[in-house]
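In what follows, chain A forms one complex with chain B and a second complex with chain C.
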Partner chain A sequence: MTTIGFIARNALRNKRRFILSVSSVAMSLFLLVTLQVALRELTNPINDEGSTLRIIVRNKVSLAQPLPARQLATIERIPGVAAVTPFSYFGGLYKGDEKFTSFAQFAVDPVRANELLSDAKVPAEQMKAWVADRTSAVVGKMTAERYKLKIGDRMQFTGQIYPCDLEFKIAGIYEGTADDRNVFFHHKYLDESLGNPGTVGTWWVKAASAEEATLITDRINKAFANTSAEVRAETERAFQLGFVSMWANIKILIGGISVVVVFALLLVTVSTMSMAIRERFRELAVLKALGFRRRELFAFILAESFGLATLGAVFGAGGAWCLYRVLDMQTLSSGMFVMFEVTPQMMALAFSIAAVLGLLSAAAPMIGVARTSVVQGLKTLD
Partner chain B sequence: MSVPNIVTIRELSKEYRQGEINVTALNNVSLDIAQGEFLTLMGPSGSGKSTLLHIIAGIDRPTRGVCRVQDIDLTKLDESGLADWRNQNVGFVFQTFNLIPVLTAFENVELPLLLTRLNAKRRREQVNTALELVGLAERQKHLPRQLSGGQEQRVAIARALVTDPKLIVADEPTGNLDSNSAQEVLGILQMLSRQIGKTVIMVTHDPKAAAFGSRSIHLEKGELTN
Partner chain C sequence: MALPLRYSFRNVLIRWRSTFATVLGIALVVFVFVLLQSLAAGIEKSSGNTGDPRNIMIVRKGSTAESASLISRENLREIQYFEEIARNDRGEPIISADVLVLVNLPRSDGSGEANVLLRGVSPRGVELRPQVRLVAGRWFTPGKREIVVSSRMANRFANFGIGQSFKAGTANFIVVGWLDGGGSAFDSECWMDADECRSVFERDLYSSFLVRPVDESAATKFLERIEADRRFKLKAEKEVEYYRKQTMTAAPIKWLGGFLAIMMSVGAVFAAMNTMYASIGARTREIGTLRVLGFRRRSVVLALLIEGALLALIGGIVGCGVAYLWNGYTTATMGFETFSEIVFEFTVTPRLMAEGLIFAVLVGLLGSFLPSVRASRLPVIAALKSV
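Showing the complex of A and B:
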């Protein structure tokens, strides 16, 4: 018999309790990791290779305020600007029978947008067809698969922001971006439907190089300073982080739930360990009588508690890691979650929590053992 | 030639508080126990016999007085020192056997040896010797619940013997046994004293059990009466 074997025998003496305890730790850590993954997904914008070059120009007053279409010529002339396209969020309701549409629709200039959205891969003939037909659109692969759409099908949208309904013919299906869900259509088509108001939602600008991107944002901001439509140009990353800041309450909520999960877990583990040790108080007194010192008994308790928590972490955090690698969360969540990846930091967090749990849950039984003399221990359960 | 003393007790007292009351468990007890002796401690409940046994075995401390075992003053040892001393010098036999239920007979006997530097082979040899001595070599793979009370107590005696201590203390070792098993256990303790030279100190209520000893002393209200 080895010391480890002795600890394992003790830990497994009540198998049902052991399994239930490990399961409770595993489930809690699985939940914790899942919450962390979801939080990361919601608050961490996805960066694709083109995002370092893209600049978003919006009305300085608010994103909801349109910009004059005449700004296009000025932006194009700014040094370092490689391409620019109008980029207006349509926000329509697909088919009119859904309460919520999980994908966005953007009005763009197809030719200019093609230069900007270089990550989106559209076959040449489909691109040609899209450019040629101003009532056509290109659809992201995920949306096409979700709604079983194919080239030539028609999509109808009920305007929620703009006072018009639109119908597109699908000219192409794109893929290759970090989020292949959106629909892109001709800005001209939107303009015509609205009676040519001469406005756009935002401008999307492509910088000639990543180094110049910051300089270009300053140049664009200065170009429209003191005009009737001042702009706020910022890199795509900064723009996305602006959106993320709106998730602050969600972050607090998820953080709060995570703390509650960990605290509940602590109570369960402390209770389990206390119960397990209380049942063996006389045995521990016998071990003391046989010559085992306090530190050896502490080591037994700590190893048992630590083992239980770590095993829970292996099943819980490890299970989450395996599960989210296997599951296609993008499809399962209808595109709401794109990556849903358990990072090494999350695994480290889960195992650290397990380690702390192991330590804390061993503390009370260890204090009990330290305070109890051999004679008291032998009398306790006699 | 006189046999040297293994235990020397001088003016030993033990007091403890029970709520608001001060209880005197032992009062000025002086006693010598010779090496190889089979001493039985008798007396009514609460007479202090178990307390005296616990102090001799190093699991309790006196309030006053001296308790020297093998020329070591136990009152001078700290917790850790006492634990080491117990492991090397004392074997315990309890009334309720106190075997670890998840360990086999072999593993229960091996338990005190985990604190030594013996390798697995040497440990196995010593455990086998101890189990053979109590006649349970064939039962070494049995769990305590698969053994009778008498067999459990014999395993406990083997556990007490396995580190080859000079002193074996037994606190009412036959209290939970039928008369046949009790005879067996007492016979083994007597054999350990007479044939192997172990010093056995046994607490008992039973005069028949005390008859197995080489000397019997009585305690009453914490004092020796003979």
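Showing the complex of A and C:
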């Protein structure tokens, strides 16, 4: 029998315990990876190609405070600004009967927005139709599929933020952005429905180059300093991270729970390993008597616990990886999670935890074996 | 004949060393469950605790939150002379037209910014909300850019100390006092003069009206009247009802708590099974002896199930106990309805503790079921012979 065969046989001699131990390690690592994925989803906003160039200009007071529409001319003149469009979050309830709508609706200037949302691919004739019809909208592919919408269908929204209800005709369906869920419609349509208040939610600006982006944000901020509507211009990334900051203590909480999960995992594995070794103290003593060195015995124990933990990681972290590739989390979580992707870093984390676990859980039995003399070991009845 | 309870009980105690890890594992599961649910309970408690049952709140039809509502001044002029509205000793109708503004302010620890709900409130509005008390400083003076901040938010945001000032919009606000909402949603608000608020933030419209009707029958009549009048696109409901519904933020936390609890408990069941199998394996002979003495199979199963449940119960008690340490601790997150920071407390209710314990016992029973069945099926002679 080879050494590896010996270790494998030993590990599998109590199959039930082996399966249970591997499963509990797998379960915990699965959970750990899931938590990490969720945390990343909440704290690390999704980006697409265009996001390095996009700058978002909002009212300095807060996102909820509107900006005067007259700012458009000033922003356009700022050097380095390639394009700018009004961008207002409508926040309507779809059909009015949903409790909360999983996709956003934005009022934009279709011609100007085309420059900015370069990731979104819309067929040319659909684009033309959208620009031509003031009450029409383009819909993300995911939303269109979810509600089985096609071109020509109508969508009704009840305004929650704005005191008006809107109805759009679908002129086109786009895809290719990081989050193909949103609905874009004419800002003029919103203005008319509100009686032309002369305000917009935010401005979206496209920088001529990514290097210039921070420079341009400074220029925009300065251009409106000490006016009645001071602005906060920031890159899309900084803007999204601003949302993350608002989650406050919830982030810490999820991080803390991850630690608890890992700790619980450690406990379980350590106890199983010591159980497994304690059971064969006598055998180990026999091996010692036969002339096996102490370090060889250590190697047996270590290899077994290491193998158990790694196998757990393969099933747990690997299982999470497979599951979240196959599963459509977006539909399942009704839009709360979009990507739900297991990154290589998370896999690495799971496997390193498993490795440390293997080492730690081997420690206690190894100390036990080292301390016991052959005679003592042979005497144990356990 | 059933085995005495003492048998199960003493077994748990005697083998504490080998069961320690399992007990702790179950304790951690229960801890996570109770802690997360206590967050959700805290949000619900804070909403449920808000408002005066006599008051009626009016917002725009279709808006889900007060902060997203807009009501015109014409509506105020019409509604304030409704005879259903009570009057104070100076003969003025008790109605407050409030303005809510979201203000993005820096956190005190420099970790970014968050939205704070600023309420522009009239003197009537302060009277209508008796649960809001001033705990330090003084109330704002109408017509001045003075602000009273929530005492629970004071350490979370920069320059919220009394006498300090911060900039929002075009104005500088001086903090003149700290308010306490008594564990209600008002603990997440800052208050200032309504007219000043409207002029600084260029708000032509109000966000909501709060009304005190003369009595219960007037309240019903008032609600009907607002609903029936086609001129108003408004929604009137009891203030307490309105706040009771503002618990959307709690839903994902509850979901997360449930999800984690289930996943972790699967792991815990595996661990408990391992422990019980080992513990039964170690006393095969003892169980054989019990059978020889005449104890039935089901008595053995029952005794072992009780042992597993007891084991888990100890874990559950420890978990609940540790989670209880957090009870009353103030924390905050972004509220989904208001889109602003909401402050609330971890609230470990007796119900949650009971749920946690039941949960633990279930884990124990599930974990010990298969091992105990196996023990009861051991052939008596073989069991007696085993070393």
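Rule of thumb we're sticking to: the second predicted complex is superposed on the first by the 368 of 382 C-alpha atoms of A that agree within 3 Å, B and C clash if a C-alpha of one lies under 4 Å from a C-alpha of the other, contacts with A are read in each partner's own complex, and residues count from 1 in each chain.
As a convention for this text, a residue touches a chain if its C-beta (ideal position, glycine included) is under 8 Å from a C-beta of that chain, and two chains touch if they have at least 3 such contacts.
Just so we're clear, the structure is a prediction, and the values are computed from it rather than from any experiment.
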| item | value |
| --- | --- |
| Combined model on chain A where chain B meets chain C, clash or fit | fit |
| Vertex chain A angle, Cα centres of chain C and chain B, expressed to the nearest 10 degrees | 90 |
| Which superposed partner A:Gln65 touches (first chain B, second chain C, both, neither) | second |
| Partner chain in contact with A:Gly80 - chain B first, chain C second, else both or neither | neither |
| Touching partner for A:Gly368 - first (chain B), second (chain C), both, neither | neither |
| Touching partner for A:Leu20 - first (chain B), second (chain C), both, neither | second |
| Chain B versus chain C as contact partner of A:Gly319, first or second or both or neither | neither |
| First (chain B), second (chain C), both or neither touched by A:Gly307 | neither |
| Residues of chain A touched, compared between chain B and chain C (which is higher) | C |
| Superposed arrangement (fit on chain A Cα atoms) - minimum chain B/chain C Cα distance in Å | 11 |
| Shared chain A surface residues [contacts with chain B and with chain C] | 382 |
| Contact footprint of chain A on chain C as seen in their complex | 18, 20-22, 24-25, 28-29, 31-32, 36, 39, 60, 62-65, 67-68, 70, 101-104, 107, 111-115, 168-170, 201-202, 233, 248, 252-253, 256, 260, 263-264, 266-268, 270-271, 273-275, 277-278, 282, 331-334, 339, 341, 387 |
| Complex contact set, residues of chain A against chain C | 16-17, 20-21, 23-24, 27-28, 30-31, 34-35, 38, 60-65, 91, 93, 100, 158-161, 163, 165, 228, 230, 232, 241-242, 244-250, 253-254, 257, 260-261, 263-265, 267-268, 270-272, 275, 336, 381-382 |
| Complex interface listing, chain B residues touching chain A | 54, 57, 59-60, 79-80, 83-84, 86-88, 92, 94, 96, 98, 100-103, 106-107, 110-112, 114-115, 159 |
| Residues on chain A engaged by chain B in the complex (per definition of touch) | 1, 3, 6, 9-10, 12-13, 282-283, 286-294, 296, 373-375, 378, 382 |
